[in-house]
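Just below is one structure, and these are the notes that go with it.
Order of writing sets the chain letters: A, B, C and D. Residues in each chain are counted from 1.
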Amino acid sequence: MADEREVAVSPTREGDEQVRASFERKHDPSRVLTLSDGVFAIIITLLVLDVHVPELTEGQSLSEALQEIRPSFTAFVISFIVAGMYWVGHRDLFEMIRRTDRGLVWLNILYLLPLCLLPFGASLLGRYDEEPVALRIYGLVLVAIAVMRVAIWLYATNRSHLLWQLLDDRQRRAGLALTVLPGLVYLLAMLIATVAPGVSLVIYGGMPVLYFLSITVLRSGRKRDQEYADFT
Amino acid sequence: MADEREVAVSPTREGDEQVRASFERKHDPSRVLTLSDGVFAIIITLLVLDVHVPELTEGQSLSEALQEIRPSFTAFVISFIVAGMYWVGHRDLFEMIRRTDRGLVWLNILYLLPLCLLPFGASLLGRYDEEPVALRIYGLVLVAIAVMRVAIWLYATNRSHLLWQLLDDRQRRAGLALTVLPGLVYLLAMLIATVAPGVSLVIYGGMPVLYFLSITVLRSGRKRDQEYADFT
Amino acid sequence: MADEREVAVSPTREGDEQVRASFERKHDPSRVLTLSDGVFAIIITLLVLDVHVPELTEGQSLSEALQEIRPSFTAFVISFIVAGMYWVGHRDLFEMIRRTDRGLVWLNILYLLPLCLLPFGASLLGRYDEEPVALRIYGLVLVAIAVMRVAIWLYATNRSHLLWQLLDDRQRRAGLALTVLPGLVYLLAMLIATVAPGVSLVIYGGMPVLYFLSITVLRSGRKRDQEYADFT
Amino acid sequence: MADEREVAVSPTREGDEQVRASFERKHDPSRVLTLSDGVFAIIITLLVLDVHVPELTEGQSLSEALQEIRPSFTAFVISFIVAGMYWVGHRDLFEMIRRTDRGLVWLNILYLLPLCLLPFGASLLGRYDEEPVALRIYGLVLVAIAVMRVAIWLYATNRSHLLWQLLDDRQRRAGLALTVLPGLVYLLAMLIATVAPGVSLVIYGGMPVLYFLSITVLRSGRKRDQEYADFT
């Protein structure tokens, strides 16, 4: 991708307005964001499709029947908040990004791939909420999203011509920590799913709360304000 | 969130163009609106998926079979108009908002959560339109959306740095009334669902009409024109 | 809506920049378009969900089984083109519109309501393509969309403050004709569905072609160029 | 479409600001992109709906049951990457396009038609992954998308008034090659589906990788840099 950087510099040298405008159009991130926001919007809306309206069996009241959809409702709420957390992270990341290039466009597509599996994972979790296999697959989906998010973070923050402004080392470390940590926690939840499925489920449900609290704490610390002020 | 306000002021003091641009990018509400509009678009379109094409039973004509989907068609129309009313309210609210912050971004996500349950509620209502439990759950979804809407309204209107211009007390009271009132009416419909399911259904169906008429009346009153002119 | 026009004039009189900016924000059509484009995108994509992958019965080859989904495939193609035609018309119309107001926002929502019923209509047509009732309901959906489109056209073109530039009488007549005509043809197809279901189906399928050809002819006529050049 | 070009020139001659603004509004591609991005977002998200959560049969473990959804999972991944490749191509193409006209708007709608059939094709492939008929239909969908893409490419690059800047012959040839080639490969995969279904499936799965690699190679060649630098 060395040639990318070269091209990024050349219009400035030539001072050619048309070349520069063409360059900016080609690297404009707007459609990447439209596609991503569309995918996020559809995913959080599709999640509810798995909360089925129950059919009553002989002598069963609707209230009783509704008890049975509790697990799928829980899976819906957990997955909704997880998707919300990832969307907030995507928004924070792309607020730093001024230009996209070929690598970033494809990395973002590969980020959307596991994200699109979230409704499947939620559906599996809602149907088999005590099965270690289901918990592991759900965790795998979340870890895959986190891995791709780290990949985008590293790719973008290492290319200054893609950013609005350079991050200093402390900001990069803070951002990396906030990106890597959820992935590691989900990996843990995935690994202990066989021995302790209940703990695994609690981690999936509690992670967004944990994330939210930890950012709040980090932001309130005066000294670290600079690094963590950028994250929602 | 006290530090938010501080940050909001500091770029002006420093007069640093780059810091200010970065600040504005970080608080730009555009992706919040893209996500929300996407969710609204999907929800009003998903509602129709519950109006099923009937399968004919022995000796039944299609016209007869179509009679049976009336309740789900009614639930579709009611929910469509309700979603339309909430979208109009969301648009009115965010027209006042110049910047988002962390709290507003998350409140908006938590607003979308009960909204995404609307297709489930509509499906439940279409299938069990005379069951008090179904009517109560439908009401609960509508009340939850209304509560989150009030939360966003209060959060935003109390933070002048998030708004394009300050609201005076009368405007704030008028906006709060229009946001709280539908919630209260839905709460009433929910509470009387057990004793009078029919009245409850009529309220769900009639509320948007009521809302539309009341705004029209309020806007036509010359003196109050200032407060209610802002609402669609 | 007399007060709307009054408000539209007042900022100019006062020359107050802030009031004017607030006024323009409130009447900005961008979110109306985002919602509408979202709904159109979802509808044309949902249409395919009704083309089901067949399950093979005893001794049946896949090729034979695929013959059975022909009607639903035909209903998909017809409905896709119809939706495309309506989207093009919506785009043409809103290219003339500079500002929305309360009436226009609600008329657009009521336009999206029958549009959202298109997948249901297509599903019904694909399942019962020789049943007059199915053909009549499909026609009813198309007529309802056309009626709402005429309503938006009349509402907007009668309010100069909502338009980028005034239309002269010939342009208004041409636009009205192109908006009303498809509705009338669909009404005809709906009415003859009982006596001649085959003709009715042909009209639904052939209308977009007819529309396309008629605009091409009208545009190629030198004299009328002015009126019809605005329509896609 | 001769009159289009004429209109494109006339505002310049008249120097009339209002006519020019109206002309630009009418040919603004933004809503075409919003619709297309919406359709792409929905399609890649719908693909997962065909990966069903399995119902366990007597004495079957969840792990065993999950083996059975492998083909549909493979069909999901292949179709996701194919859709990603087409989206990237659509973005590359429309980055060159400054204005749309009637022909381009309709060609784009006809491009979205086979694209919307991709979830059906993927579903068919996931259910009958060894049936030549299923492989042929999947190939037909991909070829149809490629054909429409070539049609848009030829239409747009032959109309200089629609482009930001003229392409030279080498750029046009390079772009055409990258647009035509995937279509030809898919055509081949479709044709050999009867004699070698396995090879056909491998081609569908490997094409995006091939495409990605070939662009990387072409871009790294110094001399050809000019032609292929424009493609993602």
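The rule is short, and it goes like this: a residue touches a chain if its C-beta (ideal position, glycine included) is under 8 Å from a C-beta of that chain, and two chains touch if they have at least 3 such contacts.
Worth saying up front: this structure is predicted, and the values here are computed from it rather than measured.
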Copies subunit A and subunit B - rotation angle from C-alpha fit, nearest 5 degrees: 90
Label of the chain whose CA centroid is most distant from the centroid of subunit D: B
Interface composition of copies subunit A and subunit D: same or different, split at half: different
Rounded Å distance between subunit A and subunit D, as computed from the means of their C-alpha atoms: 26
Interchain centroid distance [CA atoms averaged], subunit A/subunit C, Å: 36
In subunit C, residues with contacts to at least two other chains: 34, 38, 41-42
Residue numbers on subunit A that touch subunit D, as the complex places them: 3, 7, 18, 21-22, 25-26, 28, 31, 34-35, 37-39, 41-43, 46, 102, 105-106, 109, 112-113, 116-117, 119-120, 123-124, 127-128, 131, 133-134, 137
Residue ranges of subunit B in contact with subunit C within the complex: 33-34, 37-38, 40-42, 44-45, 47-49, 51, 53, 61-63, 66, 77, 80-81, 84, 87-88, 91, 95, 164-165, 212, 219-220, 225, 229-230, 232
